[in-house]
Amino acid sequence: MIDFINLYLVPGLTIGSVYALGAVGISMIFGILRFAHFAHGDLMTIGAYGVLTAVWFIPLHPLLLLPFGMALAIVAALAVDQFFYKPLRKLPTIYTVIASFGVALIFRSLAQLFWSSGNQVFIPGVRPPLVLFDTFRISALHAQAIILTVVIAVALHFFLTRSKLGRAMRAVSDEPELAAVAGLDTERVVRWTWVIGAALAATAGVFAGMDTSMHPNLGWNLLLAMFAAAVLGGIGKPMGAIAGGLIIGIAEETATYTWLSDEPLISPSYKSAVAFFIMVALLLFRPQGLFKGRLL
Amino acid sequence: MSALLSVQGLTAGYGGVPIIEDIDLDVAEHEIAVIIGPNGAGKSTLLKTVFALTSRISGSVKFIDRDITALKTAQLVPLGISAVPQSRNVFPTLSVDENLDVGTYAAPPGDKQAVRETVLELFPDLKDKLDQPAGELSGGQRQMVAMGRALMSEPKLLLLDEPTAGLSPAYLEIIFDLLLDIRKRGVTILMVEQNAKQALRIADTGHVLVSGKNFVSGTGEALLADDAVRRSFLGGAAT
Amino acid sequence: MELTGLFFYLVSVLIAGGIYAVLCLALNVQWGMGGLFNAGIAGFFAVGAYASAIVTTAVSERHLGGFDLPIPFGLAAAMLVAGVTGWAVAKICVRLKSDYLAMASVGIAEILRLVIVNESWLTNGSLGISGVPRPFGDMVRGREADLLYLAMVWLCVLCVYILCQRLYVSPWGRTLRAIRDNEDSARAAGKDVDWFRLQTFVIGCAIMGLAGGLSAHYFKFLSPSATEPLLVTFLVWVMLMAGGSGNNRGAIIGALAIWLLWSATEIFTNRLPPEWITRSSYIRMLFVGLLLQFVLQRFRSGLIPEKSPEIRSD
């Protein structure tokens, strides 16, 4: 049992936190701009490289240098929105999907050009895990990821329900035309959506990169699970996306547990297929997700 | 007295195809002006064009002597114009309270709390629904949320597109009474109505729109008395 | 010598260009005619490549095989297996709306990749399959073989083009475009929208499988890392957008134009200072990414636009 917690549940929650933070942006962008942002994974990569670079120059813990990665991701997101997505706003959104597919490639090739195509680490060396109650083990990184995600979720909840900007975001996501009629500046809302989405993407990217290692495909490889998380939580429901991310993460990890026999239920090499099947099943049978998100 | 809203030679439509043509229309301060006409006549299109939601081809719109023709939709609320679209006029996942709150975001600075109280006085039904998502309310209550939201910015002019569409006759009375009440508070109303007879009774002026053109305008009473209007638009058509 | 070198370089570019033209025609069936977003092109391409390789290679204990069949059987198997894979996928996913289908198709490509990497008994995993035969491989060798292969690839392009063109003008194709342009009214007119979509998806996937088979016999070796999957998928999309989606000739011209451009940038990036040369492929990828943005914004109907005016609404 304790093995299940230490080896499956906690890693599941950790990778789930990464998915959750990434999926918030995907869900918000889907809600407000109405397209599936295929470059979101690579935006995470860019943000994480921003932090990695800061680590080279400033001898501090990577998490303290998060603002550098966030800033880089925010600038990147606002730039591609301005130059590549905004000109296509009046067209059917599938064109923006195609554009974001291209932006994914642009981000990735920039990452390969400026950093390297190989693996890099944030902090060299191995750290012993924290041991609680003699048997419960958790690495500092996993604890940080989970705690920070919870903090962000709470903050996001208050932001969306209490602040003027958060309510305006939900209004635009609900009914964009009515939001304009009510005098809301939709472009401003769009900009803030990118800012928040990119900042959280950078955070997710750093956790993902610290958990394994940093490489240019880091974010793209997480994209599918983040889409699944956004769909599971209900499109346009950032809080749902957080829950969805955690569920997908736990589902992926625990699917490899020895549930029925001594063999893992699903071979670990097929782990990433779990998210896909959850996503497709949802899209077919409950496209509004768990929390009544929007239908396309 | 100069008009609060003055529409001149307005031609507009969707994607360059004109739906309304060469419309002239004046709305005086403190009046209730009603636009009636058959389905598909372009009534909604006319209101949407004032609100910069269609593609305008020619003509101009003036609001208190200011040319607002080229303004964007979101710029109109701060000037003192609010609108309630015909459909999808509430934010369904936002609570009633949040819907009203969103109405103040673009308003000129003022005492938001006092306005909220006034609006809730007008729509007392909403008082115990404040925390419910607007999407879960009945049609009549949704209409009240929508009008309430529009009033939260303290507009001088309120545009309403079929505020009684789909409502029961009982609600219809309530809404029309409310409109008189709102006007009493100094708000000018320009609205589109399907229930032409009742609407013209409370209207100061009426405009009949047919196939995108201004067919006839006059006071409410005059239109009610007009034979041609009665035969074509008020007889069996008053549904 | 210089000149013959250049000539055969051009031959190799045209062979690959032809394979891309087949892929682009396939995507044109799915997206151009059917409005189905497929971001998993590389997956079906790989399935076809492996199918053809397994059917035509000699016995090997490293992977399934030993059928040693002639190449036409290999290509037929490529189309069949990719088509059946496409059918299984379409059975589940074809009802999904545009963005959702795009998301699902990325997942499908990923799962196909996982199967290829992990099922060693089938594909020899990451080590790959070698000794994939070339047509007439025992009669002609070297550069002459390339010329022969060029002819074969473009014969395939021609056949696929004729097929696609027939599909396009047929009543079937017209219905398909009606569905693409306005799904609801097509449904209201009593068309079985899902069935049409399923057929479209399967036909497109089968053709992508053919392209995979052609590439396996060209390179004679096959491994999961032989191609960057995202790059293949992406290049095909750029080709179709640039050529003119909905138009079969546009698809071929687009494939050729973009592939020539891609190859030409290779010549250019090879002249970069040595410290940049290792990064040249990233510069080229960046360039194609930017090219797509240009096409989407300024050049949306492509080199040869679809003839019937495109009326597409959300």
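Order as written gives the chain letters A, B and C; numbering starts at 1 within each chain.
Here is the rule we use: a contact is a pair of C-beta atoms (placed from the backbone, for glycine too) under 8 Å apart; a residue touches a chain by one contact, two chains touch by 3 or more.
All of these numbers come straight from a predicted model, not from anything done at the bench.
The fewest steps needed to get from chain B to chain C, moving only between touching chains, is 2.
Seen from the Cα centre of chain A, the chain whose own Cα centre is farthest off is B.
The greater number of contacting C-beta pairs, out of the two interfaces A-B and A-C, is seen for A-C. Among the chains present, the centre nearest to the common Cα mean is that of A.
Each chain gets one centre point, the mean of its Cα atoms, and the points for chain B and chain C are 55 Å apart.
In whole angstrom, the spacing between the mean C-alpha positions of chain A and chain B is 43. Measuring from the averaged C-alpha position of chain A to that of chain C gives a distance of 30 Å. Interface residues of chain B, counted against chain A in their complex, comprise 51, 53, 72-78, 83, 85, 88-94, 98, 101-103, 105-107, 149-150, 153. Note for the complex: chain A touches chain B at residues 161, 164, 167-168, 170-171, 174-175, 177-186, 292.
Contacts from chain A toward chain C in the complex involve residues 30, 35-36, 38, 83-84, 87-88, 91-95, 97-99, 101-106, 108-110, 112-113, 117, 220, 223-224, 227, 231, 267, 269-270, 272-273, 275-276, 279-280, 283-284, 287, 296.
Every residue of chain C that touches chain A in the complex is listed here, in rising order: 37, 39, 92-93, 95-100, 102-104, 106-108, 110-111, 114, 117-118, 230-231, 234, 237-238, 241, 279, 282-283, 285-286, 288-290, 292-293, 296-297, 300, 312-314.
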